[in-house]
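Following: one structure in structure tokens, then a few remarks.
Letters A, B, C and D mark the chains as written, and numbering starts fresh at 1 in each.
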Amino acid sequence: MDAQQYLTNIKAKFPDVTDAPAEKIKDGIPALLCPAASLFEIVKYLKEEGLNYLLNLCATDYKEYFEVIYHLHSLENKVKLTLKVKLGKEKPEVSSVTPLHAGADWQEREAFDLLGINFPGHPNLKRILLPEDWEGHPLRKDYDRKPDQYD
Amino acid sequence: MSSQYGLETLWLWLINLIEKFITWLGLPYIFSYTIEKIIFGVALLAFISVSVLYLIWLERKVSAHMQSRLGPMHVGGWRGWAQTIADMVKLLFKEDIIPAKADKWVHRIAPIVVFVPSLMAFLVIPFEKNLLGQDLNAGILLIFAFSSIAVLAIIMGGWASNNKYTLLGGIRSAAQMISYEIPLVLSILSIVMVVGSLKLNDMVAAQSGDGKFWFVFTQPLAFILYLIAATAETNRTPFDIPEAESELVSGYNTEYSGLKYGFYMLSEFTNMLIVSMIAATVFLGGWSAPSWLSMVPGFVILMVKTYFIVFILMWIRWTFPRLRVDRLMDFGWKILIPLAFLNIFIIGLRMVVFKW
Amino acid sequence: MVNYIKKIIKGAWSLIAGMGVTLKYYFTKPVTVQYPYERREIAPVWRGTLRQLCDVSGTEICDGCQICARICPVQCITMEAYKDPADNKRKTSSYIVDFGRCMFCGLCVESCPKKCLVHTTEYELVSYDRTGMVLGKDKLVRK
Amino acid sequence: MTENQINTTKILDKDGFETMYLNMGPQHPSTHGVLRLGLVLDGEVILKAEPDIGYLHRGMEKLAEKRTYQANIAMSDRYDYVCSMNNNFAVALAVEKLLGVEAPKRAQYIRIIMAELNRVVNHMLFFGFFAMDVGATTALMFGFREREPVIELFESVSGARLTYNYFRVGGVSRDLPSDFVEKTKVFIKFMRAKLKDYDTLVTDNVIFRDRTVGIGKISKEDCLAYSLSGPIVRASGIKYDIRKDDTYSLYNEFDFEVPVLQGGDCFDRYMLRMLELRESLKIVEQALEKLEPGEIMAKVPKVIKPPAGEAYVRTESPKGELSLYLVSDGSANPYRLHLRAPAFINLQILQKALAGFKVADVIAILGSIDIVLGEVDR
């Protein structure tokens, strides 16, 4: 299966999936915009269909909304696919894919730690890089660092 | 055989002098005996300290050169000869830390318990025919008896520090040293069978003279077994699991500092010296030398042989990786001990059948 | 049984061969450089401490354009520029580099439009306190 | 980070006895930096392992948002400080992709030479540290000794010994010195000769094999599930190398093998890196042949302001897949820079791979994964 086929299959199966705006994507990897509610099902479906390798999971703060980005890969077909999930500013929450891809464990924890995105379903969601008692999520654009003794 | 220029001559002359002096004073023989032993003990202690300091420096130099490095080069001028002295002085001034939850008295005593027995073992080693602390008729047995006390000290240190790494190190060393004691003794046993005595001087005598060979040639298997078991006894790589640096930080002596740590380090090298000396005495003919070397003092000859063994031990250490703890046990019980028994069997058979 | 003995002999041989390697290096020349007494050759492009060059007449070339200060990732360069009324050129009244912060990335040197900021091959930066690492114009400008 | 991050409640072993909780690191000689491992031990056998990271967290991704693209390349030296060139490569490629420029051919070849030489450096250090972890101290020094000539080559090119900051957006910062090709050829010859010594000293050593063969097996399924990459996957029997599968720069022009081993244990991971090292030497050799005089910088503006957009750029660093997710909003600083650090993701397998092995094996397994804490914590 090539990338185009995957795209059509997903769109057939999950009608609320749309193409991400193409003019911003410079790396040539097809990107899809998924609703947060059906993300887990989509990733599960794609895993069964051969996209069984989670390349990367990260999140970005776009000021008005958060975006969680999943890069999936198939080692056999050499197909890459980007899934994007837009999350509201108030309560960013998307179900964890750790039960499907064990490698998402720490990446989700990192996103939780640095951007404050909640992943319900994660077995061990707590801060990973920063100390437990750290306040705020540094990679958010509105994060305000208090000057300390070194400034 | 032993040279007339040896230290032995000097020692006998000194004894003679003391005895004459005591009899002139009209005191009983026990006084001269005591004075003799005290002088010998002090001289021995000085010799051991100096050679251990030298050994540490040597170890660093040998390892450095094997790794294309230079090792210590600065302290003392020539090739950094005073490096260990400087290190020891530094250790003396270090703060002596006892962990808060340690078993304080055991923690204090352990370095002494590890150091003293390793010194005691030197008492029966003949540096020259008459130059030894006491020519006991159970000489070799005494050495092994003392060297097994070191296990106790290591467990004491490991337990008293109240640290999980030291505890693991202590337990490992108990398992290791007890199981390697057996092949160590068994490998010497075949020599004892041939010699018919536990006296080290008798063993030397059995190897020197015309038509007699060093035991390393007549019983090579015993020598190899001894060397392997001795490496394990002294906790050196590839058998250094009690202090496995990359796993247990520093093993049983992790929590020691200052002079106490210095004692552990010194005893480690004293142990190395003693196993090398035993190897030189039992397998390489000790202080005896071929007749064309009769000019050389026996003491020097023993030292040359000892340092040859020391070099081999260092060479092994800086070449091999470390065995894992369960494989180490496997190796000890499944390979070394059967081989030691095989060796005894072969030697026994040889003695009975060939009368040799 | 034969295989077992073969394995033991092979293993023993591998150990002896390994010891051969260490013995070989025991007798080859060490590669250590005894640092304070011997120094290895430094590449001419070495990114060491910074220097400001002057032209042949001994006047500073730097015109205080601030590019190096702006490109510096760690903001270790600060300067003050003024307009000299004599020849109507911009000049620096102070030029300070904090080598305690500098990470010697070389971006300032690359970006210098006048090519008057250069690296030296010097790498020994020792001082008793942090202020000793802050070098001003008196140290940086090479006449 | 804090004590309660690792669950220290008592876990009983299978016979119902109390277990021991061993806190390995962050100050430990062989956790390769400030990694902390919480081990639940039954005697010497590990029942449960939980890595705890973050002691070296420097907020690289946050810092990146406040730096220009040029400065980000300088920063990338610090991600994985063992192979700075590969990090430079990833950042430079990502920014070029956003800008839509391509480096001139000569620059690309130079980049490949540097990246592969850095792979040699990394694997040389791996050789040393791994042998050190299993107890062979001499190999460590040998590894460092052979690293030195490459470092000197890098120094002659970039002017620094560790943080090279050599790549630029659209090329490389300096052309090669005149004697570089000669010196590199000498080095390749020298390195090949030394590799024989290494094999006798370490690879063939029966104790070393005893310590590593069959230890820390990672199955193919685990490799996929845990998103592992780099030598670990290839040692488990998956032929997956981004240089071949998702080729970037000019790697498709080179003729090299992707070594694959089937065992998936520590020894295979070690062996694979040794084989890869030889392939890297091959690539360098070919690249030196292909090197032609020419431009080393493409036309890029002085102040780099890529148009708004995003790119996910993958490269094969010595430790695995080093990828960059770069978002630009049209300003001089990246809007978001996410680093897919190979060591960070590979380290996750430790939770699974350690169970059932001994304390001594922890070090071997950890060593064979080949992590650099600078990259794990960023």
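Everything that follows uses one rule, which is that contacts are C-beta pairs under 8 Å (C-beta built on N, C-alpha and C of every residue); 3 or more make two chains touch, one makes a residue touch a chain.
What you see is a predicted model; the values in this text were computed from it and never measured.
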Legend entry - Smallest number of contact steps required from chain A to reach chain C: 2
Inset, instruction - When you average C-alpha coordinates per chain, which one falls nearest the overall C-alpha average? Tell me, please. - result: D
Legend entry - Highest C-beta pair count, chain pair: A-D
Inset, instruction - Quick one: report the Å distance separating chain B from chain D, using the average Cα coordinate of each chain. - result: 45
Inset, instruction - Report the inter-chain centroid distance for chain C and chain D in whole angstrom, where each centroid is the mean of the CA atoms. - result: 24
Inset, instruction - Indicate the whole-number Å distance between the mean C-alpha point of chain B and the mean C-alpha point of chain C. - result: 50
Legend entry - chain C: positions in contact with at least two other chains: 15, 18, 21-22, 25, 31
Legend entry - Residues within chain D bordering two or more other chains: 138, 142, 145, 201-202, 205, 207
Inset, instruction - Name the residues of chain B that each touch 2 or more other chains. - result: 66-69, 318-320
Inset, instruction - All pairs of touching chains, please: list them by chain label. - result: A-D, B-C, B-D, C-D
Inset, instruction - Note which residues of chain D are touching chain B in the complex, please. - result: 20, 22-23, 28-30, 44, 131-138, 141-142, 145, 201-202, 205, 207-208, 210-211, 358-363
Legend entry - For the chain C and chain D complex, residues of the former touching the latter: 10-12, 14-15, 17-18, 20-22, 24-25, 31, 42-43, 45-47, 71, 73, 103-107, 110-111, 119
Inset, instruction - Provide the residue numbers of chain B that touch chain D in the complex, in ascending order. - result: 63, 66-69, 164-165, 168, 237-238, 240-241, 244-249, 318-327
Legend entry - Interface residues, chain A side, partner chain D - complex: 23-27, 29, 52-56, 58, 60-61, 69, 71, 75, 78, 80, 82, 101-107, 110, 114, 126-133, 138-139
Inset, instruction - Could you please specify the touching residues of chain D with respect to chain A in the complex? - result: 1-2, 4-5, 53-54, 57, 59, 61-62, 97-98, 100, 222, 224-228, 238, 240, 245-246, 308-314, 321, 323, 325, 327, 335-336, 338, 340, 344-345, 347-348, 352, 377-378
